[in-house]
Amino acid sequence: MTGTDLDEAAPTGAEAAAAEPFSAAEQPGGLKAALEAVLMVVENPVTEQELAQALAVGVEEVRAMLVNLQQEYDGYTGKGPKSADDPQPRGFELRNVGGGWRIYSRSWFAPVVSAFVLGGQSSRLSQAALETLAVIAYRQPVSRARVSAIRAVNVDSVVRTLTQRALIAAVGTDPETGAVLYGTTPHFLERLGLGSVAELPRLSPHLPGLENLGDYEDTTY
Amino acid sequence: MTGTDLDEAAPTGAEAAAAEPFSAAEQPGGLKAALEAVLMVVENPVTEQELAQALAVGVEEVRAMLVNLQQEYDGYTGKGPKSADDPQPRGFELRNVGGGWRIYSRSWFAPVVSAFVLGGQSSRLSQAALETLAVIAYRQPVSRARVSAIRAVNVDSVVRTLTQRALIAAVGTDPETGAVLYGTTPHFLERLGLGSVAELPRLSPHLPGLENLGDYEDTTY
Amino acid sequence: MGSTAEGVHPPPLTAGTPENLPAAGKAVFEVRLTNFSGPFDLLLGLISKRELDITEIALAEVTDEFISHIRRMQAEHGSWALDEASEFLVVAATLLDLKAARLLPCGEVEDDEDIALLEARDLLFARLLQYRAFKEISRQLAERFEVEGERYPRDTPLEPAFTALLPDLIWTTTAEDLAALAAAALQPRETVPEGVRVDHLHGSAVSIREQAGLLEAHLRNAGSLSFGELTADAAETLVVVVRFLALLEMFRDGVVSFDQDEPLGELRIRWSGGDEPFPADSIGADYGADYGPESVGPGTVDLTLQ
């Protein structure tokens, strides 16, 4: 029943868009809020062209709105001192990095932010992280979903930790599913004192009576 | 970044703070902006306690600021209509779900945002998975055997799927039978937009005249 | 007693209220009986609201219709609708249990056994309701997932400035350790079930045909026996119930007759058939013909009575 547990659902948003043209401008907050929505959740900086296309407006208009948002976050309303309240800068800022835009935490709060970030960090890898690393090392390139299936737990958070620690990295995408594939890094090999992945110890001594491990995997997922 | 598996990590931020006391409150934007800055880097809903610790202020104060930010993002300034401009909702919102606070894009911009966010959210759960999830949510902590008995079908495969998607997790073992007991995760609550399990819709309207259903089950299985 | 099972049908109920209609999209299983037509879900709804007497539903017909429905689905889609089939199986099994329990006498309660039977009937009813309740709730969960799925959490990679501050990793793992961890993780955890298991649906199966044969032999020998005598050697309640159902079937076919002087008095059963052996194979229309390896065997009744 493994294959049937997930329906290949099309994103509802796209469906809705197909049914009747979606106009971000008509939503509460308008185009500027739509722009914010994207900038707030994108994983990597996005270009003005990408944003213009998504919002179905011109690049010039997008650029103007981006600059406007940037100033707003920085505490300039561009309306002069007509309000009695001083406009306050927000705790986040909009940055244009290498041709793309994304929202970051404001630099002068770095001490607070780093204290928060480091508060939860361990200097040792958890058992869960080590097991995940082991699976990725021996099955690379491999998707998160497949590692999850092998380990029978969700591995999103440990994959993130391992990536932050530069022990693994995205090495490509699955041509069929588009899923990100992970593999180990040179730093990982360095940690283990190995020259290449081929030098990893063979699994067979640890796997009594499991000649057809490949079959198992193929039929299970 | 849960703060639970902290080993000998020396928070560098704290060191820096020791060297030269950093006061977030004295920065432009003040504590509220510092709170925003931290919210920018959270990977999961973050508790008021964690935030209070990061900012070195009381939990009550943090909660008040969070609610204030939430309203601000929603377009309520709490200052009445003294400004000529209508307060506009931002493209993102601050929500208290799954036991903590986190920033989300506004649902009405989903058609635009979904194009920029990679996978993960899109695949739907099958009917069988949803029903199994419902039984686990309302009967947790519960063993697979008991879920099977209620659902009257084998649930092994769906339990595995739900675990991989971090919607449920093993939360203990039955002291008598040794069976693994399952419960829902904070991620489950987050995906449903709930603060806690207590906020799940009530089951009783669907079970007329069956007040003591718990007894029924215990004696039957 | 026989008249309850064979009772006059009330005017047909139709699926007028769409409250329980499943989500549109794929073909919905429709039931067409003399006294009911509409989606299976609605049938369940009516029974659970006691607007339709379970004893008036011919389960064999429902099952026949379902089999042809699922064959049609298979022909159209090229694959078996396992989800729907297993759901039907559980609901049909529960309905059968419920029907059997309903057919039992429900006069004044005299002893513990009567109470146990009445409780069993309510438990079956509760099981059906509970099953439906979770189905309904799961629909609500699906809607919530849908709505909430339109909000995307901010989940951005940490800025390099912060990752650079991470404390140095204390690394004690050797390549051999890693190999052992990988081997353990790659070990198959559990075997994938090959089919839909149904053993948990049914406590144990007692064949109504076998029991009918046994009763026939006893009655031919003794001519007339009380129900108590006929069930004296029954090891479990299930056997008693099945023998009772067998007697009802035999009564319908006119091979036994009942004598009962007063309500809830001693029930005496007399053999009134001829010398011809009773065709026990004729039993089964209501108890399920053989529909392949997954179904309950022909003419067996499964009652999970505790």
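Each chain carries a letter (A, B and C) given by its place in the written order, and its residues are counted from 1.
Heads up, the rule we're going with is that contacts are C-beta pairs under 8 Å (C-beta built on N, C-alpha and C of every residue); 3 or more make two chains touch, one makes a residue touch a chain.
What you see is a predicted model, and the numbers here were worked out from it, not measured in a lab.
Remark: the per-chain Cα centre closest to the mean position of all protein Cα atoms belongs to B.
The most distant chain from subunit C, with centres taken as the mean of CA atoms, is A. Centroids of subunit A and subunit C (each the mean of its C-alpha atoms) stand 46 Å apart. Rounded to whole angstrom, the centroid-to-centroid distance between subunit B and subunit C, based on C-alpha atoms, equals 38 Å. A straight line joining the Cα centres of subunit A and subunit B is 19 Å long.
Contacts with at least two other chains are made by residues 7-9, 12-13, 39-41, 43, 92, 103-106, 108, 110, 113-114, 117, 121-122, 124-126, 128, 157 of subunit B. Shown for subunit C are the residues that touch two or more other chains, namely 83, 146, 149-150, 152-156, 158-159, 162, 165, 167, 170, 192.
Only residues 1-3, 5-9, 11-14, 16-17, 22, 24, 27-30, 32-41, 43-44, 50-51, 53-55, 75, 79, 83, 88-92, 103-106, 108-119, 121-126, 128-129, 157-158, 160-161, 163-166, 169, 187 of subunit B touch subunit A when the two sit together in their complex. Taken together, the subunit C residues at the contact with subunit B in this complex read 83, 86-87, 89-90, 93-94, 123, 126-127, 129-142, 144-156, 158-159, 162, 165, 167, 170, 190, 192-193, 196-197, 200-201, 306.
Those residues of subunit A that touch subunit C in the complex are listed here as 1-2, 4, 12-13, 40-44, 102, 104-105, 110, 113-114, 117-118, 121, 123-125, 130-131, 133-135, 137-139, 150-152, 163-165, 191-194, 199-203, 206-207, 210, 213, 216-217, 219-220.
On subunit C, the positions that touch subunit A within their shared complex are 82-83, 146, 149-150, 152-159, 161-163, 165-171, 173-189, 192.
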